[in-house]
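Quick one: this structure, given as structure tokens, is what I'll be asking you about.
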Amino acid sequence: EPVRIFAGSSPTFAPVFVADQQGYFKEEGLEAVVRPFPSGAEAIEGFRSGAADFLVAADVPLSYLLTGGDVVMVAQFSQSSHFMVVVGPKEKMEAADIKGKKIGLVSKSAGEYMLSRFLDSKGLTLNDVERINLAPFDQISALVQGDVYAVSSWKPFDQKMVQLSRGEMIPAAWNGQVGFDIYSGIVAKRELLEKQPETVEKVVRALLKATKYLEKSGGVEANAADLAAYLKAPPADVQSVLETNKWDMHVSKDFLDGMKSVGQFLESQKLIAAPIDWQKAFDWTALKAVDASLVQ
Amino acid sequence: MSGFRMTTLSTLSLCSFVIMWAIAAGSIGRPDLVPSPLQVVEALKGMLSSGEIVKATITSLGRVVVGYLLGGVAGVVTGIILGRITIIRESFSIIFDVAKGIPPIALVPVVIMWFGIGEMSKWLVIAYVVWVVVTISTLVGAKEVPLIRLRTAEIIGLGPLERLYRVVLPSVVPYALIGLRNAVGFAFVALVSAELIGANSGLGQIIMDSRFALQTDRMVVGIFVLGGVGAICQILFELMERLILARRFQTG
Amino acid sequence: MRVLYAGLGVAIVIAVWQLMANAIAFDMLFPPPRVVGASAYDMIVSGSMTDDVGASLWRLLLALLIGVPAGILIGVAIGWWPIANAIVQPFIRMFNAIPAIALVPFSLLWLGVTEQSRIALLVYTITLTVLISTRAGVRNVSRIKLRAGECLGVRGPQALFKIVLPSCIPAIIIGIRTAIGLGVMVVVAAEMLGAESGVGYRLMQARSQFDTAALMASIIGLGLLALLLDRAFEFAVETLLPRYSTKRRIK
Amino acid sequence: MLAKLWTNFGISNVSKSFGNYPILDRIDLEFNRGSFICVLGPSGSGKSTLLDLIAGFERPTSGAIRLGLEEIRSAGPDRVVVFQDVSNALFPWLTVRENVEFGISRLPRAERQQRVARVLEMVNLANHTNKFPSELSGGMKQRVQIARGLAMEPDMLLMDEPFGALDAITRKKLQTDLKSLWEETGKTIFFVTHDIEEALLLATEIVVLSTGPGARVKEWIRRDQIPQDPATVEYVAMKTRLERALDIDEDH
Amino acid sequence: MLAKLWTNFGISNVSKSFGNYPILDRIDLEFNRGSFICVLGPSGSGKSTLLDLIAGFERPTSGAIRLGLEEIRSAGPDRVVVFQDVSNALFPWLTVRENVEFGISRLPRAERQQRVARVLEMVNLANHTNKFPSELSGGMKQRVQIARGLAMEPDMLLMDEPFGALDAITRKKLQTDLKSLWEETGKTIFFVTHDIEEALLLATEIVVLSTGPGARVKEWIRRDQIPQDPATVEYVAMKTRLERALDIDEDH
């Protein structure tokens, strides 16, 4: 029985792909099947239908899974202040320009949170715009063809938007700028954690090796080349994401605070029915077992 | 066996299917994966009272109608040109043969890229399929306008334009109608293709989006409404054919 | 002469395409023929074309292997026994009204992002198509043939095998041909909505990277593939079943 | 198959209705073995229905049809039908030889081959054994049908306007050939036709049905009443009599 | 349309080939206005080709066809064709009246209506003006074709086996009617047939073509040589002569 790991296909989730590519899962004696999805939001569905044991995504989509109590987060591993971007027409992204406009995003992705924070910084709320659910690549077409006014998305799609609009569209803000870092992590079914804690530990250990590899190996360029081959994506795109990512599996206070504000956001927007019980949402036992110093 | 007994048997078979479905749903016990018939009815009620399903149906239907009309007209014109003008047919039939093999869903990404996520993209994808289907059958009819009809026109001394609309066009009608009838089903295939990847409204989107939240009851409602609307369009088309055209054009 | 005209047609299309590309002057959005050709060439030499076409074809062939016999079997049964038909008819009506592509999300949900899920959907499409065509074939067997059989001492189950089945082979052939066309549609849809190989997957990959040239190359490739499959099937029928050839001289 | 030992063929008071609609009304006829019976009648009078009853495809509503003492209850290889519909009567997937072999596949190989050779010789098709029906002219197809029937060595050949779809010259030729064949083999032939001259040329017994519904025997002309030489006053008189019997004031 | 002032119709040394394949070889004939010309010949001998040349659908490879002094170079309303193919010759989307009006649509309304009424009366179809061709029997369809031709008031009717697809009784009736019509109108009729008796009944001139390729005139029987009474030795002798002229040792 192979362990099935679903993930968003963004290079921000690199440790999973690196662990697969470098054979770290095998070293742990695991047979792992890693499957990238166009977005974390889409990977959720595969996970929910029971087709996967682990899911890797950004903090926002993961939070949707944490509401039920049957899924727990077992580790986080990346942090970025430049991952999420709002892209819109050059010099026309003030409150008055944006109000009432259509904004493209992947619903249930971090794009929704990013948009909320961005609007906040302009003195607006989500209710002031019309959100249009679009797959990342459709956001590009929609923006360039004028079907939406702006989009809230993530790297590297911003670059394609700039290119294809011949510079008409540019990033108006990124997540660090509007006051939050974005994290990614891995969740597992609670049942799995309870019945086969060693499997979870093995996965976490493989991921830890991968984050260390990403920090120490031949540099961003070499990493990007490897990862591009794995993801069948252009190296430049991959590199642009890796450049602004930090890999670290320490459970930090910033991370916990970040997750809580995501939770509050989802709740306040009625995107989730009940508040997330953070006591039950995290389970760091596997992480502790791998390296007790990672959890304070 | 009488028609009445056949109908009874069909009804019984349908009923037993619903009962078996209910039993299966109950014994599987995963309403998020296999909803019971009752759940589906509940979901339908909810979607009806919220107006959501009606709105989606109207949106989807509007797309089909516009795409169908565009593709139908284009198909009749293309079919007649390819059928009647040998040089054009010989030159472009290979191109058309390649074009007709392209699944509509494969076109969605480029069409979206070129025309954005608006209605135009959906119209074009639907129109494309309708165009292919209608062209194929119109072409046959146009190519095979009986020689003796054209000769009758020759005797009478009709000019090219008069020959086109007094002899060729009416001769082609029954063939074009076959294509147009088949195209109704294909238009719905194309609609779903367009709505499954790259739509934020319509029945296809209800099916696709409900999947994310494991709302299979909503998915089943979406499927049934889609099938129902498709079947009704088919029936309406055939009715129209029978009432308006059958006597003159011997169809149906 | 034919080839000459066909060449002319292709040349005209490429010229118009080039002119449009010149007018738009933005390769990223509307690549000229040369760029699309280069993209296709890359796919061929890198072997990704072979892999993708191979994966899609393999799925299609496997599904045909299961779906065609199933469709024939059910089609003959319900064409021959009115009771069986009355039982199955409402379902055929229902499923025939639902585009198979709309079932892709269900197959992903119930069978996951797996090979079984795609094959199951394909088998479903192919069986339904072949079945409907076969049933029509059985029903249209002319009464004269059955009566001729009676005079010649062939009736009952013997008539089924010696008269009905051969009579509806042309209908079965049409059914399979339609099923291949629909199969290409469905396999591409299934691959686009969740797979890790195949032409549909390649399309989605190209889409997510905004590689318009690869998209266009894949689309043209799909058209060629469908045409090739159709011609190959026609050829196979002509050579393997010459008795049922439609090209035989009619006097 | 042993030829059954009957010497006369009787249609005793046969009526046939479909639902409440009467087609044939108390048809009462009797013929000797070896007769060549031609049935004439207006279109829709029930000629084909009568033939179907004799073939055993249908059962009379009342009355009985007997070969000697034995009543006909179902179709059988002793009464082979030659159908008018040339394009459907043969099995298009079988060659001429295979079509002729169709009914005698259980005979030993040697005998089968010998019979096929003999009957194909009889109908002048010995040189076309490996052709498919689609490669034959209409006249040749009818010869194959006759050969297929003869191969069964039936007591009776039932022919429903077998030459109706052929052109005049072919028809003439097949008529002559059928007449020789009948003289040679002595089979009983029941032959439905629209063509008075055909009937006069071939028949030893001519039956004319009246206009339906509820058609009856209007004329029954026996062996010795049928004039053989067309250049005689009797012939012309008989032709006129038959023409009058058939005359109907419908639009044609 | 003023009837052209010609008194004789000449086919002078006409040959016709398709590519290198010779069909007709030096056909040389001349007829008076008002003749009823019947052309017999084996299948494929070129009867239809000759008719097409006269109609002006095709041009001779050498030689000329003339009405009086004027050479025929194209089709025209003075030479109307009645085609054999009953199912395609009429426009199925038009009623009987509309079909007959088809060729005279440019006439003033009153005259048009009057002509239509007159010709439909002539062919006994006055009661069926609003039916569609699909609602008519084969014989009635041929009458409509004849009426459509007559409505154009042509000099000549060209008929290519017009009754070949009809059953014997209908054929007989139409033959008689056509004969009366010819007597009444005095039109020149060029009539292709396979049927010797038909030719003997109708013709004032009978032409037999030889077997092709390169068919020639094998027999040309003039007005005074054609016996009218079927009950005479002369009639039977002529029939035999024509049968022999047509006899061909092909398989039919």
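Read from first to last, the chains carry the letters A, B, C, D and E; within each, the first residue is number 1.
Going forward, a contact is a pair of C-beta atoms (placed from the backbone, for glycine too) under 8 Å apart; a residue touches a chain by one contact, two chains touch by 3 or more.
Remember, it's a predicted structure, so these values are computed and weren't measured experimentally.
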Third chains touching both subunit B and subunit A: C
Most widely separated chain from subunit E, with each centre as the mean of CA atoms: A
Between subunit D and subunit A, distance of the C-alpha-averaged centres to the nearest whole Å: 85
Rounded Å distance between subunit C and subunit D, as computed from the means of their C-alpha atoms: 47
Euclidean distance of C-alpha centroids - subunit A vs subunit C, Å: 39
Residues of subunit A engaged with two or more neighbouring chains: 45, 49, 137, 144
Residues within subunit B bordering two or more other chains: 33, 109, 113-114, 197, 211, 214
Touching two or more other chains - residues of subunit C: 29, 108-110, 204, 207, 210
In contact (per the touch rule at the top): chain pairs: A-B, A-C, B-C, B-E, C-D, D-E
Complex contacts: residues of subunit C adjacent to subunit B: 1-2, 5-6, 8-10, 12-13, 29-30, 82-83, 86-91, 93-95, 97-106, 108-110, 181, 184-185, 188-189, 192-193, 200, 203-204, 206-207, 210, 212, 215-216, 218-220, 222-227, 230
Contacting residues of subunit B [partner subunit C, same complex]: 1, 5-7, 9-11, 13-14, 17, 33-34, 87, 90-95, 97-107, 109-110, 113-114, 185, 188-189, 191-193, 196-197, 204, 207-208, 211, 214, 216, 219, 222-223, 226-228, 230-231, 234
Interfacial residue positions of subunit A with respect to subunit C in the complex: 9, 35, 38, 45-46, 49-51, 136-137, 140, 144, 160, 163-164, 166, 232-234, 237
Residue numbers on subunit E that touch subunit B, as the complex places them: 55-57, 74-77, 79-81, 83, 85, 88-89, 91-94, 102-103, 132, 134, 152
Touching residues (chain side subunit E, partner subunit D) in the complex: 42-43, 124-125, 128, 137, 139-140, 164, 166-170, 172-174, 193-198, 230-233, 235-236, 243, 246, 248, 251-252
